[in-house]
Amino acid sequence: MQELVDLTSKLLQNGDVNVVIGYEEGPRGVRPVVAATPDDCRRLIFDHRAVHNLATYLSPRRKHLRVRGRAAVVLKGCDAAAVATLLRERQLKRDDVVLIGVRCGGVYRTTTAEGALSADNVADRCGGCALREPTLVDHLVGDLPPEPPTAGQRAARIAALEELSPAERFDYWRRSLADCVRCNACRAVCPLCVCERCVADKTDPQWIESSPHLRGNFSWHMARALHLAGRCVDCGECQRACPAGIPLTVINGKVGQVMGARFGFRPTDDPDAPAPIGTFDPDDSQEFIR
Amino acid sequence: MSEATATRTPPAVDAFEPKIIAFVCNWCTYTGADLAGTSRLQMAPNVRIIRLPCTGRIDPLFIVKAFERGADGVIVSGCHPGDCHYTAGNFHARRRFAVAREIMGFLGIDLDRVTFSWVSASEGGKWSEVVNETTARVRKLGPFNTYRDLVAGS
Amino acid sequence: MPPLAGQGRCLESVPWRGAPVSPGETTLEVSVSHNDHTGSTLAAHVRQVTGLNPARCYQCGKCSAGCPMAAEMDFRPHDVLRLIQQDKREQLLSGESLWLCLTCETCTARCPNECDPARVIDTLREMVWRDNGGAGAPRHIRAFHKSFLKQIRRSGRIFEFGLVAGYKMRTGSLFSDVGAVPGMLKRGKLALTPTRIKGLDEIRRIFDKCAAAETDAEEP
Amino acid sequence: MARIGVFVCHCGENIGRTVDCAQVAEACGSFPGVVHSVDYKYMCSDPGQLQIKEAIKEKGLTGVVVAACSPHMHEKTFRKAAAAAGLNPFLCEMANIREHCSWIHEDRARATAKAIDLTRFIVEKVKRNQPLVPISIPVERRALVIGAGIAGIQAALDIADGGREVILVEKEPSIGGHMSQLSETFPTLDCSQCILTPRMVEAFQHPRIKLMTYSEVESLEGYIGNFAVTIRKKARSVDDELCNGCGDCQSACPVKKIPSEFDAGLGKRTAIYVPFPQAVPNIPVIDRERCTRFKAMRKGKKKEVCGRCLKACGREAIDFAQEDRLITEKVGAIVFATGYQLYSIGEEQPREHLSGYGEYGYGEIPDVIDGMQFERLASASGPTGGRIERPSDGKEPETVVFLQCVGSRDPQKGIDYCSKLCCMYIAKHTMLYRHKVHHGRAVVFYMDVRAGGKGYDEFVRRAVEEDGAEYVRGRVSRLYRAGDKVRVCGFDTLSGEPLEMDADMVVMATAIQPQPGIESLAQKLSVSYDKSGFINEAHPKLKPVETNTAGIYVAGACQAPRDIPDAVAMASAAASKVLGLFSNEELERDPCVAQVDETTCSGCFHCERVCPYGAVEHLEVRDRGGNLIKVIAKVNQGVCQGCGTCQATCPSKSVELLGFTDAQIFAAINSL
Amino acid sequence: MKLGYFPGCSLHATAREFDESLRAMAPRLDLELDEVEDWACCGATSAHNTNHLLSVSLPARTLAISEAQGHESLLAPCAACYSRLAYARHALEADPSLCDPVKDAIGREPPTTVQVLSIVRLLADLAPRIREKVATALDGVQIACYYGCLLARPAELNDVGSVEAPTAMEDVVKAVGATPVVWNQRLECCGGGFSLSRKASVVRLSRSIVEDARAAGAAALVVACPMCHLNLDFRQKAIARRSGERADMPVFFLTQLVGLALGMSATELGLGRHYVSTADFVARLSGQEGAAESASEEIKEVG
């Protein structure tokens, strides 16, 4: 994508930024890259395989990246929504980064998929995306591609799970979570897990049992879902990073549905939009309260 | 009031008696429960109250923690919307509970084990109903060892 | 001071707030109504059909003060509401006052308490019409409605000559206004043959489904 | 190691009847960390308390658990006893085995088991309790009173007479409020200005009252005892030091046809003006919207036009270049007394959800006026010198119709409530009118007459019986012009007949509403208000002059429609609250407040978003070189009220609510 | 601008001139009227006085057809029809529980999009265009704008300005150069549907309207409702009999008044169909004696 290459080269040349975080061709499809010279920028690409949420690299926990100075970062709409959340939660100063938005026609589930986007290979979040042209950004590149197809598998899976009895659902998750080894990859990759010290690491008192047994796993994934409620932009990085193949985006998707249905929440790249948790409406529905 | 009559006759030794933890706010529900006492409203003896300043103080993970420790049911109760001693704690809590409840349900915790209620300082009667209904419901569901024993299952 | 979540706000449905009441004291309830609206009283009927609560009327009389027909009525709009409140069914439903309402909606527009007398009166008329075909209504008005609805059922539209003729038949006042007919005809204001719409079966279906009393069988 | 003492109370038979107290004491004695466990008939009695004190001393207890009644009943008692024995009072807690156990159960075995459980919860909690020290906050013993109508003046005078300084802020050029506009007052018919003016002068001259007229509250920071208020002193365009109030500028001003606000639009004023002759302070202000010179300046004209006031002033007090000034003052308490306005009857409404009364033709028909306009007509200082003249042609009206409840009790137009004063002032109007126009008819259309108050009903009866006011029960549907008269279409619901009549003038008792802009002021002060804009009191019965922000009090008609005696009573009540607060140099606060762990806080400020009190501040953490490392949350313990919502919200659990820490609660849960 | 058009029964009979003048005027204001196919009577007073469901279902069928024809807006010049159609739309929106029974009755999807438009609203919106195209300005002619009940009330259906002080009709009258008089009775009821069944009431109510307009100095009344027209025009003779004095107050449909200003002929506007002669009024407009005669000729011819 020449426009992207030109823009980022110029940013580096002019000294506007010290590094550019973007995508390049890698051995297994597309991968993130930190470009430090205009030369590096020539490798920058963007296509349906640009699955990663590069907002992760703006998290304050990535101290090794922060020391490299002012960064420009390539963002899809969903990634921009994550940046907006970082801004809203004061984890990032707007002036410290240059945001390059890409008009987006959807991405695959994996970095290595090929062929036209279809309902079978498109990422769950892409269908009906309202952020295909991010507004938060400093620069917006590319032409607006056609709308992505909608993947229905996840919604179907959520619906199917909801059909089950509580005991059957419990059983399903018991089997799924049994594989969790608490490697914390989901936490490490999440652009919005920004705590200095995760609640799961707190010892006195201990909130979440830390050894990888099922009871601790349940607590951990419940806490994770709770802490991401109203913040998660559904980038799906957690599931992609999970070595145990736990269907984390199914949980995220369910939480997203709840936030949407109850509080009209959709991920947005407006950092001034109020977050649904931390605000309230006196008339919030309370059908579950006696 | 079937619960009250039930308590008069000692239960069979091996009958299941659920353990229920109630997280309540100091200003409304705790005081409402006090009023139930002053009014001598008989109710099931299965509920153990933990007093907190406000429902706003209640992290949903408290509920999970209670299940981990072998509670069979949980009650969460505070001031009616608009009556919060701290103005808005219960409004924030309501949003948090709404989400947490659905997540718990989605992960397979039977939501009949958790009761959310608003009980004001003047609703001693309502408090006894909440206690009795929750106890009856949880008794029907049986013990919730499933959760406590997860640690053994893995 | 940063914007606060709870204070410095308008608390809509809450009349007051702050410290909790001490035991034994009741909280102020604002939205709960203990008025029966499921029973068989007139008030319950009106409430069930329209969602309006006749108990809201505090008899200020503003409706009747503006009513163009008040001078000719035995029960003025505010009397109607009062009789509903007292559940005086017979007295209210048998009188002709209900039928004198022109539905000009002046009462409704000016009612301070959202009682909507016009809608209430329509509801009562419908009740009477359904129960006994509008017995109690002044003969001419009753005849007019019957002819009018019959016309619609037959033709789908109003054919005024036929309407007038039908109405005159019913009232027997064949010769009042009869002098107007030539003038009307001269001015092209009366068509002599009815226009029937194509979808007459649809119109009949509507009448049947709405359980409207005007069936063909009713009159020759 | 913890050394906990458990004291189980029988409460006579109250607990002992259903709970085996000895068994509870015995069971508790075996809990880890419990070194002393006893039961006793009445723990709250002197000998009971003595047992606790002695045990603390003898056994070296580090915590005390009293298993007895509700902590709401006796927590203070036992904490005091603990403190007397040298134990930090916050290390003493109660297990509620009476209200929550013995009184609600009959099965002795199960009640006893439950009592043991409840006591165990508290024992586990107390093991993790920390000694806490009550927080003391210094009190700035000066008060701010917002609004200088009769309520504000009264509150200011009471506080000042009580020996404390007061800043009295008024947005209009003069103090006095609506009361200064009134002709006479019910139920005594004494002249309003005659009783008010001395009060205004007293406030002006009081050594401890600092008067700030033509000023508004811009912003507020801080908390009870320690507010910092910023006041905007609007540009008067007249130097108040130099002006001697001679009035030459007013005489010189060529713009003379501006409807006077003080005369409710019935009289005229100039562009530089003193609102009324008795104004305090007697210093004019230039109405920059209307002044020729300012108009020309706004249009960008370079040349200085007019300036006649400047030339007329012998003291060179006119200052066209004056600008608004912002002044910050420190105060410890605030009285909110901004008063009311009348519902505007026309189509245009200051509050968007309200609709006007097109059917009454206000603004279209000149002889339809509101109650305040009638006050000005009847006032000896008014535009007609107290003669009742109708606005259209100056004729003395021979029939005056009064309409009550215009805007009040009218949910359809947006106001549900009763405005409370109208019944009384309409009765007063009929009397004033009949006293001046002996042959005139005064007809009142009303719905109910609400005259609850000392001498009030007698007053209304007098209007009817002695002064011949004719009362007709019914609302009026429409007013319209009939020649030079006003046709009134009403209905007499008592006789059951329509009633149409022609009036020479119609007076409408329009609803009482809070001042426009009260919502934004309330937001600045973070006090809550109802949907009509009236300020909410903290409790409708028991805290009628407190708002739910500590240190801010409310008086007069900004809280609900209030007549003069009510407003004055509230003002004095608020003043006494303020003086009570100021009787201490320091405030003591419950130390159960939130505390942030600086090492783990990530500065996401979720806590700040949910805090109902604005207690969360930003703390910059710097390294030794002064470089900013991070910005984290810090709880202002003077403001925090201890709800703990921040703690539940904090994702990394970096906030702790002292007295209810996670460790304490988990300990209780874990002991299940 | 293309609009759905619902003439209603009266415009095919007693108020033919309303229909004629509207159709004749439409092209001059670039309006294209697309009549709703096979429309039926709105049910009028008789339906809503006796059967609420019927009173919603009859108009709902017409509205549903109109939507199917692709109309975004539907013009209902008759104020009574406007009121019933607009009410049906409003009721279906405000009370979702009505949707099922109505759907069952009309055998179609109940309407959800079409906007019902009154002639007064339409012409008020077109006022700038009318002002541009005025051929014979009615300068200084005093007109009493009569709204009656159905255009202004109830508030939910009002599209002519506020309930107590609407201005839309005055805006149109001003656009053609005439002067709306200030008078009292413009929102009072004329007796409406009682024209046939309770003539005495109609005469009583209409009389006070005509007399008030006259007292205010109006040269003519303007209406937008066939019932009002019938009561004020046709019944003026009976009013005169009652009061002993002839008012001779011409009563125009708003479309006719606009048509006159646009330079259309009396024939085109159906002025000859009136009971109270409009000849003098029209003659004074053109300000020529000859014109007065020819106007009156033309009007007679039609009559």
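Going in written order, the chains are labelled A, B, C, D and E, and every chain counts its residues from 1.
We take it that a contact is a pair of C-beta atoms (placed from the backbone, for glycine too) under 8 Å apart; a residue touches a chain by one contact, two chains touch by 3 or more.
All values reported here derive from a predicted model rather than from experimental measurement.
Colleague: Which contact partners do chain C and chain E have in common?
Modeller: D
Colleague: Which one chain sits nearest the middle, judging by mean Cα positions?
Modeller: Measuring from the global C-alpha mean, the nearest chain centre belongs to D.
Colleague: What chain is the most remote from chain B, judged by the mean position of CA atoms in each chain?
Modeller: Using the mean of the C-alpha atoms as each chain's centre, the farthest one from chain B is E.
Colleague: So which chain is the furthest away from chain D, centre to centre on CA atoms?
Modeller: Taking each chain's C-alpha mean as its centre, the farthest from chain D is E.
Colleague: Ranked by contacting C-beta pairs, which pair of chains comes out on top?
Modeller: C-E
Colleague: So the centre of each chain is just the mean of its C-alpha atoms; given that, what is the distance between chain A and chain C in Å?
Modeller: Each chain reduced to its C-alpha mean, chain A and chain C end up 58 Å apart.
Colleague: From the mean C-alpha coordinate of chain B to that of chain C, what's the distance rounded to whole Å?
Modeller: Comparing mean C-alpha positions, chain C is 50 Å from chain B.
Colleague: Give, as an integer number of Å, the spacing between the C-alpha centres of chain D and chain B.
Modeller: 37
Colleague: Residue numbers in chain A touching 2 or more other chains?
Modeller: Each of 207, 277-280, 282 in chain A touches at least two other chains.
Colleague: Residue numbers in chain E touching 2 or more other chains?
Modeller: Where chain E meets two or more other chains at a single residue, that happens at 163-164.
Colleague: Which chain C residues sit where two or more other chains touch them?
Modeller: Residues 5-7, 11-14, 17-19, 106 of chain C each touch two or more of the other chains.
Colleague: Given the complex with chain C, which residues does chain E contribute to the contact?
Modeller: 9-10, 12-16, 38-41, 43-54, 57-58, 61, 95, 101, 104-107, 148-149, 152-155, 163-164, 187-189, 191-194, 196-199, 201, 205, 234, 272-275, 303
Colleague: What residues on chain E touch chain D, complex-wise?
Modeller: 162-165, 182, 184
Colleague: For the complex, which residues does chain A have touching chain B?
Modeller: Chain A reaches chain B through residues 161-162, 166-174, 178, 207-209, 212-219, 221-223, 225-226, 229-230, 251, 254-255, 258-259, 262-263, 276-280, 282, 284-286, 288-290.
Colleague: Mind pulling up the chain C residues that touch chain D in the complex?
Modeller: Contact set of chain C toward chain D: 1-19, 28, 58-67, 70-71, 76, 78-79, 106, 110-114.
Colleague: Can you list the residues on chain B that touch chain D in the complex?
Modeller: Chain B residues touching chain D: 7-8, 10, 17, 19, 21, 30-31, 33-34, 36-38, 40-43, 45, 48-54, 56-59, 62, 65-66, 69-71, 85-89, 92-93, 96, 128.
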